[in-house]
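Presented sequentially are two complexes of subunit A, the first with subunit B as partner and the second with subunit C.
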Partner chain A sequence: MNFNFSFAIEIVPRVLEGIGNTVMIAIISFIGAAALGLFWELLRRSHATVRPVVQFVIDAIRSTPALVQIYFLFFVLPYYGVTLPALLVGSFGLSFYYSGYMSEVFKAGIDAVPAGQSEAAQSLGLSWADMIRFVILPQMLRNVAAPLGAYSISILKSTPLLAVISVPELLGSALDVASDTYRYAEPMFDVGVLFLAMSLVAVAGITQLERRLGLTAPSH
Partner chain B sequence: MSFFAILRSIYEGFGITAAVATLGLLFAIPFAVIAGVLQHFATGPLRWIVTAVIEFWRSSSVIVLLYAFYYTLPAFGIFLSGITVGAMVLGFNIGGYGSQSVRAALQSLNKGQREAGLALGLSRFDVLRLIELPQAITAMFPTFINQAIQLIKGTTLVSLIALTDMTFRAKQISELGYNPVGIYSALALSYLILCYPVTIFGRHVERRFATRKAR
Partner chain C sequence: MALQTNSCSGNAAVTMEQLCKWYGSFQVLHNVDLSVAVGERIVVCGPSGSGKSTLVRCINQLETHEKGRLIVNGVELYKGMKGLAELRRDVGMVFQQFNLFPHLTVLDNCTLALVRARKLARDQAEEIAMENLKKVRIPEQAHKFPTQLSGGQQQRVAIARALCMKPKLMLFDEPTSALDPEMIKEVLDVMTELARDGMTMICVTHEMGFAREVADRIIFMDSGRIIEQAAPSKFFKNPEHPRAQQFLGQMLH
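What follows is the complex of A and B.
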């Protein structure tokens, strides 16, 4: 056995250098995924003719791996002359991937708002946009809060995918340490423990938040 | 290289993709059933241990686990092939999620089912085996399909530990000539062909289950 625990502890500060990027990627991707997911869902509901098209897009997003979508954006965008920082491209990739799932969350959240609400809004003469903004969205947000919380953790756990396009987040900086020192076991062990800890803390935090807001996960 | 030639070349990695997905299911299904049943029945320290094992597999990041196991196990003197490590990590991760569906399905069963079984003189184990599990497994079928899709998509990660799956093939082809649009469209299309039918089937099953429950 040649696993060196003191070396594993010694390199923790170097591995931790990536934590800022990890958190930033998670936040950007979560906001992007929620916004795009809501957009898909509103588009899907808007007209009967676009519905099947949007449905296909959502299913296609959900039927291709996140890694493939990230590679696609990272290698294809420059071909069309769009060069963005890898961190941003990767965050867009994660946003895109999770938007497919978010759209389903919003669909369930909107479906759970009683039909009488939109009927009442229409009979009061509200425009479609006003109905969404003032009647449906506020009620829907409460329904989607718990599943969105769960996806925020999934997104956090997917951020190390960006290491493959050389974004220096946690896994990326651990891989850097590994290639500097020719020792892979310890940095990979560290990053495994760090991610497990982060995700358990995030789960505990979100559970607390849900309890405080009096939310419970939908039963389906 | 024509688009079709790229597709055919990516297809050379299909064997590994399929092998990791299939072996992954062989890890996932028994783990989900055993861990879910144990978590449902166990009490005291055993329950903490089972919960800790489940949480380890489902709360960790899969890609990080894959790297960690692939590089750390040999340092502890455990040598496994890339396929085994890939299938085990992906399988146990999905199995961890699956165990929660098994447990939830067992918990949501009507208590009368168990009582009737016991009243008929069946042993507790027979009640679980013949009455509770069959119903629980039927109830979680839609979730199972979704998790199978997650597993198939997850197999792309084994390209990072140098297994020649479809994604790895695409990376190899991209070194032969600059054609990112062709190669990565073909790669996305390959996974779409594989997973889209399952996604549609899953949606269909979910709808049928929803109407059956409503009745």
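What follows is the complex of A and C.
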């Protein structure tokens, strides 16, 4: 079986049917992972007593395969009466998995804010929440912009995992083409090229954003 | 010339009784007794590692003590207490490294706690901020970011930021130690003026000229203990403790 380039071009419209979902899943999962990751990190910092518990959760999230977590959610949630569209379950699964990594990014980002900043905030009598919101987080964002950008691309590239729970995304639509035509090389090639293109666009966008925010060089 | 002492009122701004603190197994404060009257100007000096910073940082609980009592503005402080943020609003703190918020303008550095903690309206907060920036002679820099200012200017902003809260007590932790020599004076001038206005001040500093001019009392610390305290005239002329004599010998030459 030879690689048929014109066939690869011909099936592009069918493969592309999944791209909207792919992008949507990536965006939802990125936002979800960042929000949940920040939540873990703030919870981990809030009290010495909850710290080991949160740490265990984060370690557990990071030490089990994303695919297993996604299957687990997909098949276990309905037992508890929660039936959500596969796309949402999948996005939540990816959010959950990457939140473990994001929390470590936020940890490093917060640790890199000098201790004097929180001391100054405390000595002014700011509440803990105000200190985090107005003093620590804005400075942390500068520190985490680059790793967050890298994870956004990791998340994008993980969206095909949701094909296993029948979410109609890029890989899913490519597999549909494959099972109709019994040709796998071309659909997979298309998927690869499309991910390459999306990643390149994302990288360019992130670089542009960092430049506009003045984040490319340390500001102090 | 020493400024007029203002310790006639019996109110204590700070009272420490047998205060002890450990870092792990190392004891940094040994049974410290200290009473600072309202309006009093205290300079704390001593060799590095003697516990002066720790002493001052205990007063707003950036460090917590493990033994003894600490009463600040009439309220006893202890580890894990509630309402600490509120009490801290009455205690201004100026750090060696300024610790201005780099992502906020000078003005916003000053207004943040007024708006968020004191719950003032934005324009009211800005008015207070500008007043205090004028007091430290830097109102024209209000819309700049801290990194655009010199060290001396940054430290004056830090003083203004603390003053905005109308503190009853100001703590200075080596405020001029990170400054170039020519900038030290502009900061000390502001501090001297503050002292003249009757602010209760506790300053950790190596600026002996400032201590001589402004302090009502000098506290000399060594190895976590207050080993001598006296009016500057006495402290500089004939210190009693040999460790203080040795320290002054090194400082004044």
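The rule is short, and it goes like this: the second predicted complex is superposed on the first by the 213 of 220 C-alpha atoms of A that agree within 3 Å, B and C clash if a C-alpha of one lies under 4 Å from a C-alpha of the other, contacts with A are read in each partner's own complex, and residues count from 1 in each chain.
By definition in this document, a residue touches a chain if its C-beta (ideal position, glycine included) is under 8 Å from a C-beta of that chain, and two chains touch if they have at least 3 such contacts.
It should be emphasised that the depicted structure is a prediction, and the values quoted were computed from it without experimental measurement.
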If you count the residues of subunit A that each partner touches, which comes out higher, subunit B or subunit C?
-> B
Scan A:Ile27 for contacts with subunit B and subunit C and give back first, second, both or neither.
-> neither
Once the structures are superposed on A, label A:Asp59 by its partner contacts, choosing first (subunit B), second (subunit C), both or neither.
-> first
Pick one for A:Gly192: touches subunit B only (first), subunit C only (second), both, or neither.
-> first
Classify the contacts of A:Val203 with the two partner chains as first (subunit B alone), second (subunit C alone), both, or neither.
-> first
First, second, both or neither for A:Leu126, with subunit B first and subunit C second | second
With the two structures laid over each other on chain A, which partner does A:Leu161 touch: subunit B (first), subunit C (second), both, or neither?
-> first
Looking at the overlay, does A:Ala112 come into contact with subunit B only (first), subunit C only (second), both, or neither?
-> neither
So, does A:Ala150 touch the first partner subunit B, the second partner subunit C, both, or neither?
-> neither
Check subunit A for residues that touch subunit B in one structure and subunit C in the other, and list them.
-> none
Note: in the complex, subunit A contacts subunit C through residues 114, 116-117, 119-128, 130, 134-135, 138-139, 142, 219-220
Would you tell me which residues of subunit C are touching subunit A in their complex?
-> 60, 62, 85-93, 95, 97, 99-103, 112-113, 116-117, 147, 158, 161-162, 165
Once bound in the complex, which stretches of subunit A touch subunit B?
-> 1-3, 59-60, 62-69, 71-72, 75-76, 78-79, 156-161, 163-164, 171, 175, 178, 184-186, 188-189, 191-192, 195-196, 199-200, 203
Counting only contacts in the complex, subunit B reaches subunit A at residues 55-56, 59-65, 67-68, 70-72, 74-77, 149, 153-157, 159-160, 167, 170, 174, 180-181, 183-185, 187-188, 191-192, 194-196, 198-200, 203
